[in-house]
Every structure is written in C-alpha cells, then in structure tokens.
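Here the chain labels run A, B, C and D in written order, and each chain numbers its own residues starting at 1.
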Amino acid sequence: MELPYVVVIILFCLGIYTIIMNKNLIKIVVGVNIVESSLILLLILISFKLGGTAPILDRKYELVVDPIPQALALTAIVIGGSFIAVMLALVIKIYKRYGTLNVDEIRKLRG
Amino acid sequence: MITPGFLYLEGALFLFLAINNKIKYIISFLITTGALIITFYLTPGYSLQINFLNYTLIPFRVDDISKLTGLIFTLSGLAAVFYSINISSRSNLQLIFLFIGSSLTVVFTGDLFILYIFWELMEISSSFLIITVSDLTKKTGYYFFLMQAVGGLSLLWGVFLNHSATGSLSLNAIETGIPFFMIAVGIKLAFIGLHTWMPQTYSKVPFYVTVVLSIYTTKVGVYVMYRLLSGINILAYAGLISALFGIVMALKQNQVRKLLSYSIITQVGYMVIGISIGSAAGITGAFFHLINHILYKTVLFMVAGVVIYTTGKENLEDLGILGSKLPITSLATLVAFMAISGVPFFNGYMSKTIIKEALQEPVLIWGLNLMSFGTSLMFLKFIYYAFFQNSNINLNRKPTISMQLGLGFLTIIMILIGINPFLLENLTNIDVDINYFDIKLMLSGIQPFLWSVIVFILLKKYLVKEYRRFIYYDIYREMAKIFVKIGYKLSIYHNGKLSKYLLWATTTLIILLSLLI
Amino acid sequence: MESAVWIILLPLLTAFFLGIFKLYSDKLFYSLVIVSMVIYLYLLILVINDSYPPKVYSIGDWGLLGINLMVDSFSAMFLLIIAILFITVIIFSLNYIKVNKHKFIILTYVMIAGIAGMVLTADLFNLYVFLEVSSMSSYALTAIKKTDKSIESSFKYLIMSTFGSFFILLATILTYYLTGTLNMAEISLEFKSVPFMIKSTIMFFFIFGYGIKIGLVPLHAWMPDSYEASPIPYNVLSSGLVMKSAIYALIRLLYVIFGVEFLTESGILNIGVFWGVLTFIIAHTLAYQQSNLNRLLGYSSIAQIGYITIGLFLGNEKGLIGGSFHILNHGIMKGTLFLVLGIFYYSLKADEIEDIQGLGYKFPVLSFTFVVAALAIVGLPPFNGFVSKWLIIEAAIEAGFFYAAFFILVGTFLSLTYYLKVIIKLYTKTEKKTLIEKPDLSLKLPTFFLGSLCILFGIVPSLPLSLINNIPKFLLNNSEYIRILLGG
Amino acid sequence: MSRVHKIFRKFYKIGLVLFLAIFLLFIFDEIQNLDIKRYLSEHYISEGVQETGAINLVTSVLYDYRGFDTLGEATVILTAAATLSFMAPIKKVKMLGTEFTIIIYQTIIIIIPFLVVLGMNLIFFGHISPGGGFVGGVILAMIPILVTITYGITFSENKLKANHKSLLEGIGAIGFILLGLLGIFAGSNFLASGQANFGLGNPGELISAGLIPYLNLMIGIKVGAGLATIFNSLIKEG
C-alpha cells in the first residue's frame, strides 16, 4: 500500500477529528477544509500513473495520467471553496450576533 | 347508490345549503324519513360491489339482522334529529348527520375495509361533535378521540392480520387477530376496564349530543361484535361481570346522566351475553334487546335532557320537577322505567325473556336475574327522586315542541312493542316460538322487580344517600403521563449543541461500519 | 425528448435572468417569474406524460462517454411533486415574502433546478454536483430571514450536511476508482465483480451521507432548527422536495447501482426498516413536546420520512409503491399544513400553539383545511395519507416485518396525540384578536388547492397510482433500467 | 459536567476517529489489490483530441464531455455569491485597512495590465495549454481584490459597482447556457460542440475545438465576477 493513501486517510481523519473535537467555529471550518483537501488529494492520487505526463497532448507522449479525476478535482475544489466562503460568512454573522465563537454557546434553538 | 347511510352523508353536505331554519327543517325531515322508508323496503340478500385499489369491496349488503338494526337506527335517528334540531347549530347538525350516516353504513357494510373506514368516520365525527359543541368538553373530546382511535387502530390491525392470514376482506372469514377485534369492540361497548371514556363524555357534553351518541356508539359495537365475534362463550361471563360492575357504579352516582351511562354498560351486558352464546335465539334476543334498549334509554336520556333544559341542573334531586309540572315527560319516564326493569307488558320484558330462555348455564341465568334486579334497583332510585321526593324546584322555561314530539314518538312505539311483542317478529319475520304471556314466564320476569322494590324500601337510606364522587384510578392517564415524561427527557437532550449533534452523527457512522465487521 | 434537459435548464436560465432583471426593473422581474412558471408547468406535464417507457437524453450527444439524463416513472413521480409544490409555493410567496423577496425567488429557482438535476441525472458525479447546488441554495434560503435563529440554524445545517457530503464524495471517488466510469448503468455492471466488503462499505458511506440530508434519527438534529427559523414557503419545499430528493437519490443509488439482491444479502433492508421505525417513534415523541408549530411540523416531517424509509426499504413491489405514494402525499399534506400556518403567521404573527387559539372561528375554511390535512397526515380515512399508509403496512406484512407494521399503527396513534392538541387549541374560544394583515386570494388559493388534493387523492387514489405503479419495474430489477440506459 | 465525564467524552471521540482511520486503512488496502479498469479515460486519451479538438484533455473533459458538471459548479459559485451579497450589510462599513507605502500603490497600478493579459491568456489558450476558465477567472478576480485591499472597499466599489459584477456574473452564466443551446439549434443535443460539427479546426490552433474557447470565456467572466463579489462581501462583513 502506497504512502500517499495513508496521507489521505490521516488528513481525512484529522479533519473529522477537528470537526467533532473543537469548540471553536473557525477551527471547525478549518477542519472542513482539511477534509475537502484530503478528498481532492485522493482524486489526484487515483489519476496518477507512474511516469505519466500531464494530459496535454501537444508533444510526444508514452503514458498520460487519467484526465477525468483532475476535472472532477477542479469541480470539487470550486464547490468546496464556495462552501467555505458561505461558512465563513455565517461564522462572521454569528460572531456579530452572539459575541462568541464557542459552538456550545450558540443554542438559541433547542428542544 | 342510494343507501340510507349515504343518504345521511349526503344530507350532511346538503345542510351547507341551509341558509335559514325552514330549509334546515325541510332537509332534515326529507333525509331522515327518506332513510327510514328506504330501510323499510330493503329486501334481504341485496348487495352491491365496487373496486378500490385492486380489492373488490361490498359497501352495501342487506340481511335480516342488518335490516332490523338499520330500521331501529333510522327510526331513532329521526327522533334524535328532531329532538335536537332546534338546539344544535348547523355545523353540529352536519356532524350528527355524518355520525348517523357512517354508523348506518357500518351496519350495512359487507367487508372489513369499508367497515374500518366508516368506523373511523364515526369516531372522527363524534369526536369533533364533542370537541366543537361547547367550551367545557375540549379535554373530554381529546380523551374520547384518543380512546376511540385505539379501538379503531386495533380493529385495523386485526383486519391486517386477518387479511394476511386468509387473503380475504370478507366479514365472515375471521381466523386470526381475535384479541384485537375484542379490544376494538370492547372500547366501543365501554367494556369494564375500557369504559373510562363513557361516563365523563356522556355527562359533560350537551344533552342532545348525549342522546345521539348513546343511541349509536355502543350499539354499533354490539352489531360489529355480532358480525365478527359471535359465539365465543367466554365473553358471556365477561359481559356478566361488566354488567354487574356497571350496576355497582351506577348505584353510587348522584348525577342523572352518569347513572344512565353506567346503566348502558349493564344493558349492553345483556346483549353481549345473548350474542356470545351464539344460538339463533340468543342473537335474536340480543338484537330485540338492542332495539328496546335504544328505545327506552333514548327516552330516558331525553328526559334527562328535558330536565337539564328546563332547570339547567342535572343532579338526581332536580328530577323532582317531573311529577305534575311536566306531564308528558313524566309519563314517558314511567313507561321507560317499567320497560327497563323488565315488567311484563312492557317492551324490555320480551327481549330479556328471549335471552333468558336461550341460556343453559345456571350461573348465567342467575347472573341475568341479578342484573335485572340491579337494574330496577338503580332506576327505583331514579323514580324515587323523580316522584316520591317533594322538591321545590320550578322550571325556567318550557320544553320545546320538537323535544316533546321526539319523546312521545318513541314512547308510543315502546308501548306498542310492549303490548304486542310479536310486532318485531313479524317485522323481521324471525320467529322465536315463545309465548310471552304465559304465567310462568311472567312470574319469573316480574320477580327481580318485586324483590328490588322490597330491597329498596328496606335499604332506602343507604341507596338514596349522597355518595361523594370517589377518586378512581385511570390507568390510561398514568400511561400518558409516562409518555410525556419520556418525551420531555428526550427534548431536554436536544440542547442545541452542535458538537453533540456531530458526535451523534459520527457514532451512527461508526455503528454502521461496525455492522460490517 | 428534448424537454428533459429543459426541466433543468429553464429554472437556471430564469434564475440567471432574474438576477439581472432585479437590478433594473421590478415589473420585468415578476412578469418573467410568472411566464417561466407557466412554461415550466407545461414542460413538466410534457415530460411526465411520456415518462413510460423510460427515455434517455444524452448531454452533448456523447452517449456513454458523457452525462446522461434519464426519465423513468420514479423521476416522473418526483417531477409531479415539483409541479404541484413549486407552482403553489411561488404563487404563495409572491405576496407572503417581505424581506429579500427577489433573492428568495431566485434561490428557489436555483434549488428547483438542482433538485430536478438530482432527479433526472444518471451520472454519479453529476448527482453529487446537483446535490450540492440544491443544498447550497437551501442553506441560503434557511438563512434568508437574517435573524439570529436563522443564521444559527443555517450554520448547523451547513456543517451537518457538509459532514454528510464528505462521505458521499468519498464514496463517489472510490466508485470511480473501482469501476473507471461514472455512468450508473456501467457502474452497476462493473460492481458485479467488486468484492462484497468494499461494495458494502461504499453503500454505507452513501447511506450515511444521504441519511444526514434525509434526517433519520439520530442524524436529524439540525432539521427542526432549520424548520423553526426559515420562511414558511421554504419549509413547504424543504419538507416536500429537499428531504425527498435526498431519499430519492439514495433509493436510486441503492436499487440501481447495487441491485436488490445485494441489498437483501447485505441485510441493509432490515437495517433500513428498523431505522425507519426508530426514527418515527422518537420523532413523534419529540413532536408532542414542541410549542412552536414550525418545529412541531418539522418533527412530524422526520416521522413521515421514517414511514417512507420503511416503505422503500422493504424491497418488494407494494412497499416501493406505497413509499413513493407516501412521498407524494406527505409533500401535499405537509404543504397544506405549512401554508395554512403561513397564512396565520402572515395575518397575525402566530406560530406558537398558544397564538392560534380560537382561529378556528376567525378563519373557518382555512381551519377546516388544516384539520383535513392534519387528519390526513395522521393517517385516518378517507384522506390520502391513509391510503399510502395502508399500502406500506400491507407491504410490511407481506415482507414479514410484522413489528414494523404494528409500530406504524402505534405511530399513527402518537401523531394523533399532538395534532389533536393543535386542532383543539384551534377551536378553543378566546378573546378577539386583531388581524395585522388580511390574507388575500393569492395566499388562500394555493392552500385550498393543496387541501383539496388531500381529499381527492384519498377518494380516488387511482389517479396518481396509475403513474406510480410503474416504479417497481425499473427499481426491483435494475437490468431493465440498465438496458435502457446503455441504449439497448 | 464533571471532569471524568469530560475525559471520557474526549477519549470516546478519539476512539471513534481511530476506528474510522483503521477501517479506511483496511478498505484502501483491499482496494490496492484489485485490478482497475480505465477504458473510459483510455478512450478519452486516444480519441479525445480528434473528438473535441482540444489538446488539453482536462479542458475537453470539463467543457465538452462533462460540460454539465461545469454548469452545475458555475451555479454553485453564483449561489454562493448571491448568498454572501444578501448577507453582507447594505451600507458600506469601514474596513480595517492599514496605510501602505507609495511603492504598493504604484506596483498595483503597474501590475494590473499584466494580470489582465495573464488571465486572458489563460482563458483563451485554455484548450491548447494548461489553464482554462477557472484559473483565468481567478487571476482576473485578483484585480478587484488587490484594489480592494490596497485602496479600500469604497474605492473599488466605485471603480466596479457591485451591480456590474453581478451583471457580469449573470452574463457569464447565461452565455454558457446559450452556447450550450446552440447545440440544440444545430440539431444535436445540449452542449454539443463536436457532435454538432461546429468547426473543430485542427488541434493546436487558437480557433479550434468548437465551442470550448467561448465556454472558457464565459466561465472565466463568471468565476472572476463571482470571486470578486464573494471577497468584497466578506470584507464588508469584517
């Protein structure tokens, strides 16, 4: 089993751990970001072929890496980016309204 | 498809057109009498079918028993509607029509699906009648609806079990799910233990609603019991116990309608016994008793209604106004009393005799005597308050004409049936070869009444004295409390902490994954 | 079959154009809203009509190389829900919404486009993309009131459902890694050779990810918050379309990609049925405690999702029919309840149970509609909820899940306890309340329309069932679906 | 909440994550040993250039084979921008900025043309060289962002009105869909460029690959405007 996959797993679980462990909203958003990057890394990894060139066929090539996951990765990046943006905007709003970043003190809705 | 039930249901719709009272009268008169006439000319054996969600259903099927029941239902429907037409608002009148119509459809139905649907419609319409009719009956209506819903759902579950076992929805192929049918019927019959909805409902709601409810609710239960559970002998003893329980409770009441509703439990006991011995004579007796009981119990409730209407109070003392001030009502009261305590030449006597003749086990026979004894005892209390206690209450207003009409109408029918018991037999060409007027039968019929008079005179001071309403333990309320407590704990647990929610999610994921290993 | 792609394109185009028009002219804005709505209704009817036998539309004419859209009966049933709910909600919210009205309408169009994409697409990654489109717009719609509560609920919703999307994305990537393709038909052909363990892992990732968006207990916690804090017209769509589109996608994936044989042997069907029972029992128990009506209805939606889950996870024909029919019915019933509640809120700011006391005499017809919808959602005859519940219970007994069938009846009783509480409060007299604003016809008409559907589908269930009856043909044996999708 | 309970909860969470990690390790290890098929990508690599006319296969996948995904993600950006713009306060808030030296201001002014050129290059040559609409759009978005950072929010909003940005964004998105509709009008399906034989040209030239350059342009405009809107809204929030 190759090392990069281990890195993916470590990043993924690290992100999950950050999300469920931290009380700080910003840190939770960071955790979300970490998980997304781990998934993008996974996408890049599964397209990787040893000795393959980038999928731009303007010169002679023997082996080309898989272009589909790269396209998917681009889409995933954009989607993840816009999610992070919305999350941060909400965090700012929450901080303005509630005056705190502690996730356990944001509980006007309960029951 | 013009069946009496659907006629009533359409009547509920037509009443939307009733802008003024005259039209209301006309519509109600047409509907009720029309239903009565249609039912009278129904020919047993007729049935029709429809298709619904790949079942073939029989919404309408006539045989002797259902025609008999339908007759008495439409007859008393006529009386009840005219008794209450002046007092009730239009929407309530619509609900009453809906209620009567659905119970008539239940009587004439030929399969379990339609039976369930209109059973539920009965419960919905009656509950909304109770809920919307006055401000004091909200909690009662809530309790009533939930109780009836339990009945309906257990009926549904029985239907499902039976359908999955036999693959058919027909009424006479009951194999499994008997206990659930028992619960359903038991709740409708206000069986001992399942009776808690009845006294509070009948004593709280306005009197005309009581009249309507008391005619149909329990009687439909009896009819469905005959359809689904006839000939289960154990139920005879259960019915006996429940009847005796009803007597004991009734003797302790000092409120008219509570007493009457407990006496319903007793009277239903007769029918349960008659049905559960399963012989033809027993069933016939049960249904004749159903008819007679509807007649005199309706009259008694109407009397109570008149008392409430005229005095505004409904304790037993207030019955004192009967006597001279309300001649018609008092006459009706006396007739009904004679009938319910099974005195010969009154209609209660004949059905009780048939049931008694149909019995074999000595226990049941003696139990039956005990029941008639208790019944007449409790109504002696009623009569005592009505006539022998000089009271100084005077009426605020006179009873309306329509009330007296409905009352008198039923009383006359009672007297007719009493004097010529063969009327019913000829009407439904069922022949039980009993000569009602031979001396032995009449003696055995009158005995419990005489005993009860003697006992009443001896023990008057215990029976007549005021009983405080003793606290009774309602298990259903306790269960409800537990349910609410659990829910409260749960909602406390949702305390709005996002980290906790995320933890739940992760735990769920891990549980899912660990199912793989 | 051109019109299939228009189902997705028209709302998008409308949303983009509205985004431009709102800068310049209001009149243009609203006229465009109305016009595109009418055209959209026409298109939907067109597509629903020739949904059987299923049609395939290949984007860019690439065939299996590109992305395909597929319309079969299941998606047609869902398009029917869109047609019913979307139109009513847009008409309703034209007068109802006061703050951020333009944004609300634009985002609603975007969300509809996303949901239509989820419903129609036959491509795994495209499904993920459109899922994100619809979720993104629902977060925005949840937060659109900009009160503290709405911001908070939107944040919770965002975090929770992003947490779910991670696993959906992970499962999608793993699927591509294993099969080298993203077309559902080819995937399910390739999956035949994938070992059991990995397959079921991927399946569990999908179930978990979509389970958060569906709101199965205990993944439900964000949902009542979002109901309480978001505008009521959105609640209609949220309970009718967003949750339902998630469960639609899940069922599509499970039955098409994995196939019913694998589901039975991996035992996920038993898990699903048990999960459904757990969900609606807990949700009913919690709903009884609520004092806020939005929240109460939210918990009730979770409970109904439990019924639907049971129906769809039974794995037999009747179950799929009943579950799909209950999806449709629940959309209608809950829509009616929310719209009536919306009118109450619009006219006198009433959304607590205490506030609606005595409104039964102020708005007789509206309250009657409320009562009808409440009885229908409880599952009493002769309304539509009863029919679908009957089908589900019958299917459960047929599949041998007696406990599920029995608990559905228990759940019916529990739901009666709190809906009856609300109804009684509605009909309890109180001192006169003064209307803040008088509801006009454009608010009442959609409500009555939905309410009448409750009764109509209850008495004549054969109308929708004629469409729904075809659903199991393409879910229970996915070979048929695959053959059509591969263009055979 | 007592300390013991806290510690227990902490270890419980750690346990959960560890379980997940071990499980994933196990699964990935399983997956390594499988033989994997890639005939779809092999077909793209062998036929893609002829079929789409684009040398950059990623671009051809994004804008031709799977153009529908791109439409979806464009929608996501637009939705995010719309969300942020209605969440941002209407009135201009004083953004906390520091005074920079003259060097910064001058450099920015000098840099801007280069950025424009770079972005346009990335967009227009997206199908024959590394790059594409997204990257180009991001580069273009750098310009208003830099202006905002240095000259302050008010100045940049004056230079480029928020309305204009959203107008640009809408134009980008609508243009994308309209270009896709050309396929339908050409008798083929939505987003068809090669199939509807729009002139693919000979690969490697600027005017080739049918619709792809124009789709690139639209996405570039859209992403640029969207990112700029998002950034400004976030700045306004702070």
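In the analysis below, a contact is a pair of C-beta atoms (placed from the backbone, for glycine too) under 8 Å apart; a residue touches a chain by one contact, two chains touch by 3 or more.
Given the structure is predicted, the values throughout are model-derived calculations rather than measurements.
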When contacts are scored as defined above, which chain pair ends up with more C-beta pairs, A-C or A-B? A-C
So which chain ends up in the middle if you average the CA atoms? C
Find the geometric centre of each of chain A and chain C from their Cα atoms only, then give the gap between the two centres in Å, rounded to an integer. 28
I'd like to verify one number: the distance from the centre of chain A to the centre of chain B, where each centre is the average of its C-alpha atoms, in whole angstrom. 68
CA centroid of chain B to CA centroid of chain D, Å: 73
Between chain C and chain D, what is the gap in Å from one C-alpha centre to the other? 30
Considering chain D alone, which of its residues make contact with at least two other chains? 13, 16-17, 20, 23, 38, 40-41, 44, 66, 69, 72-73, 76, 79-80, 83, 87
So chain B residues touching two or more other chains come to 491, 494, 496, 498, 502-503, 506-507, 509, 513
Scan chain A for residues touching two or more other chains and write them down. 12, 16, 19-20, 68, 72, 75, 79, 82-83, 86, 90, 93, 106, 108-109, 111
Which bits of chain D are touching chain C when the two form their complex? 23, 27, 30-31, 34, 36-41, 43-44, 64-69, 71-73, 75-76, 78-80, 82-83, 86-87, 163, 166-167, 169-171, 173-174, 177, 180-181, 183-184, 188-193, 195-196
Taking the complex as given, what residues does chain A use to touch chain C? 12, 16, 19, 25, 28, 32, 35-36, 39, 42-43, 46, 68-69, 72, 75-76, 79, 82-83, 86-87, 90-91, 93-94, 97-98, 106, 108-109, 111
State the interface residues of chain C toward chain D in the complex, per the touch definition above. 2, 5, 9, 12-13, 16-17, 19-20, 23, 57-62, 65-67, 100, 103, 106-107, 110, 113-114, 117, 125-126, 129-130, 132-133, 136-137, 139-140, 143-144, 146, 174, 177-182, 190, 194-195, 197-198, 201
Taking the complex as given, what residues does chain B use to touch chain A? 491-492, 494-499, 502-503, 506
Chain A-facing residues of chain C, complex: 125, 129, 132, 136, 139-140, 143, 146, 148-149, 151-156, 158-159, 162-163, 166, 169-170, 173, 176-177, 182, 224-225, 228-229, 289-290, 295
